[in-house]
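So that we are looking at the same thing, I have put the structure below in structure tokens.
Which chain is which? They are A, B, C, D and E, in the order written, and residues in each are numbered from 1.
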Amino acid sequence: MIRVTGVSYTYINNGARVSALEDINLTIPAGQACVLIGPSGCGKTTLLYLLAGLLKPTRGEIRINGARVTRPRRQTAIILQDYGLLPWKTVWKNAALGLALRGCSRQRQQEILEPLLAALGLSGLEKRYPAQLSGGQKQRVAIARALSLEPDTLLMDEPFSALDALTREGLQQTLVDIRRQRCLTTVLVTHNIEEAVFLGQQIVVLTAAPGRLKAVLENPEAGTPDYRFSETFHRNCSRVRQLLQK
Amino acid sequence: MIRVTGVSYTYINNGARVSALEDINLTIPAGQACVLIGPSGCGKTTLLYLLAGLLKPTRGEIRINGARVTRPRRQTAIILQDYGLLPWKTVWKNAALGLALRGCSRQRQQEILEPLLAALGLSGLEKRYPAQLSGGQKQRVAIARALSLEPDTLLMDEPFSALDALTREGLQQTLVDIRRQRCLTTVLVTHNIEEAVFLGQQIVVLTAAPGRLKAVLENPEAGTPDYRFSETFHRNCSRVRQLLQK
Amino acid sequence: MPFKHKIVAYLGSILFLFGCWWLLARGINNPGLPEPRLALQGLARFWPELARHLYFSVYRVVVSLALALLLAVPLGLWAGRNRAVDSFLAPMVYLLYPVPKVALLPVAMVLLGIGDGAKMLIIFLVIFNQILITTRDAARKIPDQLLLSVASLGAGKASLFRQVILPACLPDIITASRVSLGSAISVLFLSETIAGNSGLGYFILDGLFRADYGAMFAGILTMAGMGLVLYILLHLFEYLLCPWER
Amino acid sequence: MPFKHKIVAYLGSILFLFGCWWLLARGINNPGLPEPRLALQGLARFWPELARHLYFSVYRVVVSLALALLLAVPLGLWAGRNRAVDSFLAPMVYLLYPVPKVALLPVAMVLLGIGDGAKMLIIFLVIFNQILITTRDAARKIPDQLLLSVASLGAGKASLFRQVILPACLPDIITASRVSLGSAISVLFLSETIAGNSGLGYFILDGLFRADYGAMFAGILTMAGMGLVLYILLHLFEYLLCPWER
Amino acid sequence: GSPASSGSSQEESLKLGLIPVEDNFPFFVAEKEGLFTKAGLKVELVPFNSARDRDLALQSGSIDGEVADIVATALLRKGGTPVKIVSLTMGATPAEGRFALLARPGADISSPGQLKGRTVGISENTIIEYVADGLLREGGVDPGSVQKVAVPQIPERLQLLLGGKLDAALLPDPFASLAARKGARVILDDTKINRNLSQVVLIFREEAIKQKTPAIKKLLQVYAGAASLIARNPSAYRELFIEKARIPAELRDTYLAPQYSPPQLPRQEEVAAVMDWMVAKKLLAAPYKYEELVDPDLVNPGGNNR
């Protein structure tokens, strides 16, 4: 369970202060999927960094499973907006990095990663370096790395933005399945309204910068089979769109 | 007018050869909008680099307005997948770079950029460095830089991928307007089927790597008002989706 | 880190150094390494004379560093971006750099006599190579993306150098200046001990010849102080020249 | 660039250098700079003796370079990532680096004897600072994103150093080794000319004192050749250690 | 003054390289007293810190002449620089120009015989080694039986000797006196033997001798004048001596300035002895003749010409 209480964040560069988030309050029950949506620059990435413990709130506090987040947790996996791949490691080593850091044996790494990379369409690219991949391939390596970890919390910043529509929908389904199986608490940032409604049991809409809560929608049917084609889905899409337009 | 004849491209890294494109033939009439779509890693970015003269075809040739492309043309603007902003220049200087390189006066730069940045929601960020922007803001700076140039050919690699749905639709409309006004030949890479159909008068579907032509759809109504809500639009979306699924 | 803390840290570590020196001097108890007290007394005793020598030394170091930067940086950038130039230049640098500078002394003396010219030529030759090597290596590392993106704006070779290659290498050039400043001062010492009776190097050696180790170490202290001040100036330059790194 | 071309380029530029030398020797017509022919004859004449001196010199340079790398790299990485450490270390480096080490050689020799110890200590002291400065500056420049992304995988401090900070700085460390290798050879020369009867520095000075310029320049050629070979070895190391940069 | 009188012609200007040691003191006195200008000369004294750099400068033509020794002169000629000795400046008698072989403080060496197998710091292939060999021979020791260590610079040799890293070292004065004062023991002293080992000579490039004969002659006269000034009133130049001859502070009250003989030519047999040594050391293939090394025409015939 993630609990965010009264969190604000201000960037300070060379004396200039930029307020990115103001007074955010959120509760995400364990195993639930939360989606963050809002105009570009409203602080979604910042909020994710805060949840990951990579930044410290200027005000307020964040707790995961009751423990205050002050630095990266081992059980939290994160996919960054710019992928965060290490240029000097091959695809395989990049994907295996989280496992290696957890002291996982070579063989175990192989057992976990081989099917995962295959499912992500990355087989055959294991020996390449990130500079030799296309944008979408890089993004999928970052996804593989995060999913390989079997975390309890998964934070994702526009994880499917560079993927084609079909791969994207496939991965959305994969994500739903994994979340269910492993009871994963998920926070996902997206710009795609359909994706938000399909994946988010809780949809958090932020205002333009500095980001505040505009609305929190409950969307319990998210991820259920054929939800995409249901009436509720379209109604919720319209609601999110309206909220964003206001 | 862009004419691509029998173009193939193979990456060579350390002796290993990766075929990215095979035998591409295309003709894009002047002032027309062409959209490239295809699975991740199929060579869309590579094709754009070739069109821009940043890479040289392994086989075949590319002509724009009759002249063979061997190095970047002054009248071609390009938006790269990773934005290509210079970390040591402020937002303003980055956006003005193309104008400055063309020897445009300070005042002229100001006349062109100020409204453009305002339209892209970047007012007030002029003095920031790229590292101090959100993903979507960076992308919009790259868009501003390309649009400021008044080119005759515009190449864009997933230019709206990091933008929220509303900004995105607004920019799609802006793009249509600019293309019409300036009779701009446009090539756009996207993963979004709706975007492809709304923007592309010609929709080029590529096969999975190594990329070959799978189909070229004519879509003459692209960009017309209310096209989004028409029957043809939905039919074309379904066709593209089917082509991608095959 | 606030400015005040920095000053405290600087003073602290200077005191620490003096402490180490004192201990060492006590420990080895050799007149060749006097206690700091003696050096400070020497400083007081010889101050006006030392200041005159200091003036000459600063002049020689600064001029040769500036000249070396002026010539080595463009050449290094060129070699870093052009394989052909590099494979011609590299072996020359690699062969000439280790050549002991005494070997060049006859040449320097024939060409420039024994005044400031020859001294500065020797300094110049040593740091020219250092700056050349570092600049070349830095220029090699510039990501192609960045160059492509600016090339696509229609930048010619000259603009690419000014807008991309030079600023991208600037931090490394400043690092090279730091390293070279130290080398320059070392070589300055040597070249000032060859002939003539000006400069800190002369003063130090004179102390050695008179077995007046207090004077000798007063000279060494002054030289170290000169180095520190020049380093602080370099930091200032970096602060001014690389605002995006603050 | 293919291997063959490289060899041709190397040979070409070596020939060019010899040509310049020949012209210069003719031009200034001073016995202190003999023609290359004489040096080559000297090489043939003194070979077995030169080889013995070469052995000592190589040993001294390589061991001190290795030791300096072993100590300066970790310290530099630490200072680069930790402001407090840096503001304590920086002034020490900036004060100690300009201290003319050669002036301290007698003291070092009194402490460590005329053998290898003192010579290597002085070489070590000079290049330690160079490597420290470069490594620290490199570590400072690592983009935060990269660190965040690996931290988010749960990497501790030690892992961050090994997985991110060290490899990110590796290219710069190799550059530093290149610069330091040249400095090391210069200092080697000096330290071998102060006392003792072994090493190329001794051999060169011996030739000078005997006014046997053929022998002297044979020694210089050997020293230059030693430098070139060590540089080629460094290139090889780079090739092996940084496969992602090929 | 008028342009005509102030214009010192090219022929009257000389550049002289010298190491600031006591050997050269008269030149500094002449400079201080303005004797050069009075004689219508423009002399620039260029100080060097090592014989090596001084010789390089002469070789490159940066200076016209220098104060050196016979070994250096022969080596310069061998190296292709045409130079000639114009006069002896010091070392006319064994008592002038003291060199001493000293054992390190605390060493169990009290006689030359005990030096066998010990390390002796010298500067190889120079006058220092020549003097060392000569002294050792005088002391009845075969120079090949000691272990010579090359330490070209004098202050460093001094420090290594005092620091105990050399068993013995050959040092000129005032370093020899300083070492003795700090506990080193004098084993051999070249002022105490009958042979005259060390001579200081003034040498010039041959083209300078050709073009500036009158100037060099005047220079020698000025030198003689300065030498006699010192002899007449040594205490007046005490401070200058301490400064220009780099006398260590410990010795400033006790160390006496040496006597300076008037200009004269080196003796044939002394030059020959050096040549023989150099040939034996394989520094020269064949000895230079006296006339090849010495130009006898510049020393004032009224001087002590032998």
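FYI, a contact is a pair of C-beta atoms (placed from the backbone, for glycine too) under 8 Å apart; a residue touches a chain by one contact, two chains touch by 3 or more.
Labels paired with UniProt names: A, B = Taurine import ATP-binding protein TauB; C, D = Aliphatic sulfonates transport permease protein SsuC.
Everything quoted here is computed from the prediction, not taken from an experiment.
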item: Where chain D and chain E overlap in contact partners, by chain label; value: C
item: Length of the shortest touching-chain route, chain A through to chain E; value: 2
item: Interface ranked first by C-beta contact pairs; value: C-D
item: Mean-CA-position distance for chain C and chain B (Å); value: 48
item: Between chain B and chain A, distance of the C-alpha-averaged centres to the nearest whole Å; value: 27
item: Mean-CA-position distance for chain E and chain C (Å); value: 37
item: Set of chain E residues in contact with two or more other chains; value: 52, 56, 59-61, 155, 159, 162-163
item: Of all residues in chain B, the ones touching two or more other chains; value: 13, 82
item: Residue numbers of chain C (touch at least two other chains); value: 30, 32, 102, 105-106, 109-110, 205, 208
item: Of all residues in chain B, those that touch chain C in their complex; value: 49, 52, 54, 71-74, 76-78, 80, 82-89, 97-98, 101-102, 129, 131, 145, 149
item: Complex contact set, residues of chain D against chain E; value: 30-32, 105-107, 109-111, 113-114, 193-197, 202, 205-206, 208-211, 213
item: Complex contacts: residues of chain E adjacent to chain C; value: 17, 20, 46-50, 52-54, 56-57, 59-63, 154-155, 158-159, 162-163, 175, 178, 246-250
item: In the complex with chain A, residue positions of chain D that touch it; value: 145-146, 148-155, 159, 163-164, 167-168, 170, 242-244
item: In the complex, chain D residues that touch chain C; value: 1, 5-6, 9-10, 12-14, 16-17, 24, 28, 30, 32-33, 83-84, 87-92, 94-104, 106-107, 110-111, 126, 129-130, 133-134, 137-138, 141, 171-172, 174-176, 178-179, 181-183, 185-186, 189-190, 201, 204-205, 208, 216-217, 220, 223-228, 231-232, 245
